[in-house]
Amino acid sequence: MLEQLKQQVYEANMLLPKYNLVVMTWGNVSGIDRESGLVVIKPSGVEYSKLRPNMMTVVDLDGNIVEGDLRPSSDTPTHIELYKAFKTIGGVTHTHSSKATAWAQAGKGIPAFGTTHADNFDGEIPCTRKMTQKEIVTEYEKNTGLVIIETLSGKNPERMPAVLVHSHGPFTWGKDAVQSVEESLVLENVAMLALDKVLLNNISGSCYNPMQEELLRKHFDRKHGPNAYYGQ
Amino acid sequence: MLEQLKQQVYEANMLLPKYNLVVMTWGNVSGIDRESGLVVIKPSGVEYSKLRPNMMTVVDLDGNIVEGDLRPSSDTPTHIELYKAFKTIGGVTHTHSSKATAWAQAGKGIPAFGTTHADNFDGEIPCTRKMTQKEIVTEYEKNTGLVIIETLSGKNPERMPAVLVHSHGPFTWGKDAVQSVEESLVLENVAMLALDKVLLNNISGSCYNPMQEELLRKHFDRKHGPNAYYGQ
Amino acid sequence: MLEQLKQQVYEANMLLPKYNLVVMTWGNVSGIDRESGLVVIKPSGVEYSKLRPNMMTVVDLDGNIVEGDLRPSSDTPTHIELYKAFKTIGGVTHTHSSKATAWAQAGKGIPAFGTTHADNFDGEIPCTRKMTQKEIVTEYEKNTGLVIIETLSGKNPERMPAVLVHSHGPFTWGKDAVQSVEESLVLENVAMLALDKVLLNNISGSCYNPMQEELLRKHFDRKHGPNAYYGQ
Amino acid sequence: MLEQLKQQVYEANMLLPKYNLVVMTWGNVSGIDRESGLVVIKPSGVEYSKLRPNMMTVVDLDGNIVEGDLRPSSDTPTHIELYKAFKTIGGVTHTHSSKATAWAQAGKGIPAFGTTHADNFDGEIPCTRKMTQKEIVTEYEKNTGLVIIETLSGKNPERMPAVLVHSHGPFTWGKDAVQSVEESLVLENVAMLALDKVLLNNISGSCYNPMQEELLRKHFDRKHGPNAYYGQ
């Protein structure tokens, strides 16, 4: 069943190692068939090099396994909550990508610092609050979804297709599985740019003193001046 | 028309993913035929792996599409302003490359810190002022070009082939499309070196205390001393 | 003898360059046959591209070479101490991987900052104390093993499969040689995330001020708004 | 003439892009035939992909071109000074590798922080003083060599095979051309480790507070505890 969606979700999952968003078996992508209300998701703990379209697991929105020999990703209840709350999305991606996860571990949303961010996210990419002990102990993965939804409360998930889960990492979504991966890729780039930006702004002014003028002159002129002798 | 220039501009665009200066469809390169006053530029939003020379769009210096089935890059009006103001340049590149964009987001020009910089740029690579609300709301992409030109005012664009646009990213130029990409590559390297340089200078002195002398002795001598036993 | 284990230890060693955990001839992996008490380990100073399964050296738990034409890794006495103290492990890996080694050089254990860490390590990954001059001068490699064991004292090595040796780098272990390399890979990722996390938390609040609202609006809306004109 | 040395110097130069120590045409490696006193060096400004063994230039220790159609590297006078002062070396490498160059731009030597450093360098890798205006204006490349030699004064170049030139970048040397490149590779790694080390030590203690204990418990136990349900 849902062979086409399985193929698409498989291909979306394979973008994760291609885009360097995961190591080992980390990360997972799902897609939903809104008509039947069935979700296709990566199986848990399988190496990407061994993944095949027919290994994708099918679950319903109550979390029951409808088809598949392998256990679905442990994060499946999180994906399900997002599909239930965000009616217009068709795909969800979870990674521990390097820079986005660093922001999540710092417990900080990523402010909009530039147009790369603004091209994709309508404002600060929020970080959830810490989950309570109760939320962690019981139905942890489902509650992870709920705290994401709480964090987005009042915002349009199509205009803010990403949330950082505190001390954990990013979840992203899109109109289908492939687009949800692309949001993860853009998020990772935005997180990288933002880290370097705050590092630069935190540095004291005297560190920005330039080199000797005479050395600048020498190097520019030996290559570009009237008596240039650098290069063939 | 302009088949040779299209081929060259195509090849210059393909250097962007090769040099890791872009992800997704980001970035664009153009070249100008000064005789006819026509600009060849990458189409908007096309994946690099699907780009072909005959997809390049031809526009005139008023921004009219002269040839091409695809819409030219959204940044075309910026390129056009640069060609109009800087009469000696033949190619323009725009990227959101990681380190140069971080400096742009920090709102800081990159001071000349070393000879890698001085080999290519005659002084600080400037960052524009923030654009005004009016400049942003109306003819934004054209005004982006104008604020770059204002920033370079009084400088020779051949000696300073790059500007960072505040909260945005770099534009570079050169005698042709390929050289404008090479300027982006050098800029990205210079931006990376400069970031690490200011980080180092900002660190307090006590962090530079060396390791134990006895451990240094042991490791150097077990490999290079008279009784070395490390390696075959 | 032990041809199967040699093959496995060979393959585990070859994962080190594959996972970018080593440069040159750095790093070494071993595996133990608990029945015979024999350890198979990479020879010292051989390039990975020239390594073959039959070059693996076999030593006993007293450090005697039982088979092999090449000298075993200089770190063999460290591996042996770990096998003697941690009865349930089957493989040991040593690297100078970039981020884990930076923490070791800083003399700092890696606190548990997020779920990537918690998925693999039951708490802070400890850093040893500095070794004494006496420990360094005599039987240095054996004493390196002993200070790792001292550092883990009271902890289950299966729940904490890594230690950073002060001013040196990480040792990891697992149920076999391959798993010990995977622990090194996870450790390196965890160390990278942790470095960026502490950098972010150390930055003063004003550096997190967002970009101009009008520029955010312009860029988001030109791509996603009702009058979007970005992309095809 | 010197065909074997040309081949070796060619291969050593090709290691620079392989090891990611250079971009564009940057960097150069030379080797010396001590018997004839002739130096073989990369030509200036040639792309690595177009480099061939027979393009290598031969110069004598007075800087005269003895063989070759292409101009030798602009840094040839620096190489020559090093060969004249350090009688036991056979190869010299110059790069603008990322992390070593950042230390040079910061004007700081790299202290010995750990065993990766100590395995190769007998103490702090020194950074030269700034060159004087006079040294820069006249015979700049020769004076670059002299300031390196001054900086190493009293030290054995075999025990300290690298110097950082202030606001410029590293020069390294070894018994032959290939070994001098390997020293550059090790230096780049050591510089990277050292940067991250001082960053970590500069961060205030409160940034090292760990995550919630309950979240650590949950994640470790769902994968490794008695009721583990993570993975297949």
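Every chain is named by a letter (A, B, C and D) in the order it is written, and numbering of its residues begins at 1.
As a convention for this text, a residue touches a chain if its C-beta (ideal position, glycine included) is under 8 Å from a C-beta of that chain, and two chains touch if they have at least 3 such contacts.
Please read these numbers as outputs of a predicted model, since none were measured by experiment.
Asks: Pick same or different for copies chain A and chain B, depending on whether their interface residues overlap by over half.
Replies: different
Asks: Using just the Cα atoms, superpose chain C onto chain D and tell me the rotation angle to the nearest 5°.
Replies: Angle of the fitting rotation, chain C to chain D: 90 degrees.
Asks: Going by more than half of the contact pairs matching by residue number, which of C-D, A-D or A-B reproduces the interface of B-C?
Replies: Interface equivalent to B-C: A-D.
Asks: Would you kindly say which chain has the C-alpha centre located farthest from the C-alpha centre of chain D?
Replies: A
Asks: Chain B to chain D: how many Å between their CA centres?
Replies: Using C-alpha averages as centres, the distance is 26 Å.
Asks: If I count partner chains per residue in chain C, which residues reach a count of at least 2?
Replies: 105, 113-115, 167-168, 197, 199, 201-202, 211, 215, 218, 230
Asks: Contact residues on chain D for chain A in the complex?
Replies: Listed in rising order, the residues of chain D that touch chain A are 25, 43-46, 70-71, 74, 105, 130-131, 133, 136-137, 140, 167-168, 211-212, 214-215, 218, 222, 229-232.
Asks: Which residues of chain B touch chain A in the complex?
Replies: Counting only chain B, the residues touching chain A are 23-24, 26, 96, 98-99, 101-106, 108, 111-115, 117-124, 159, 167-169, 195, 197-199, 201-202.
Asks: Using the touch definition up top, name the residues of chain C that touch chain A in the complex.
Replies: 113-116, 182, 185-186, 189, 192-194, 196-197, 199-204, 206-211, 215-220, 223-224, 230
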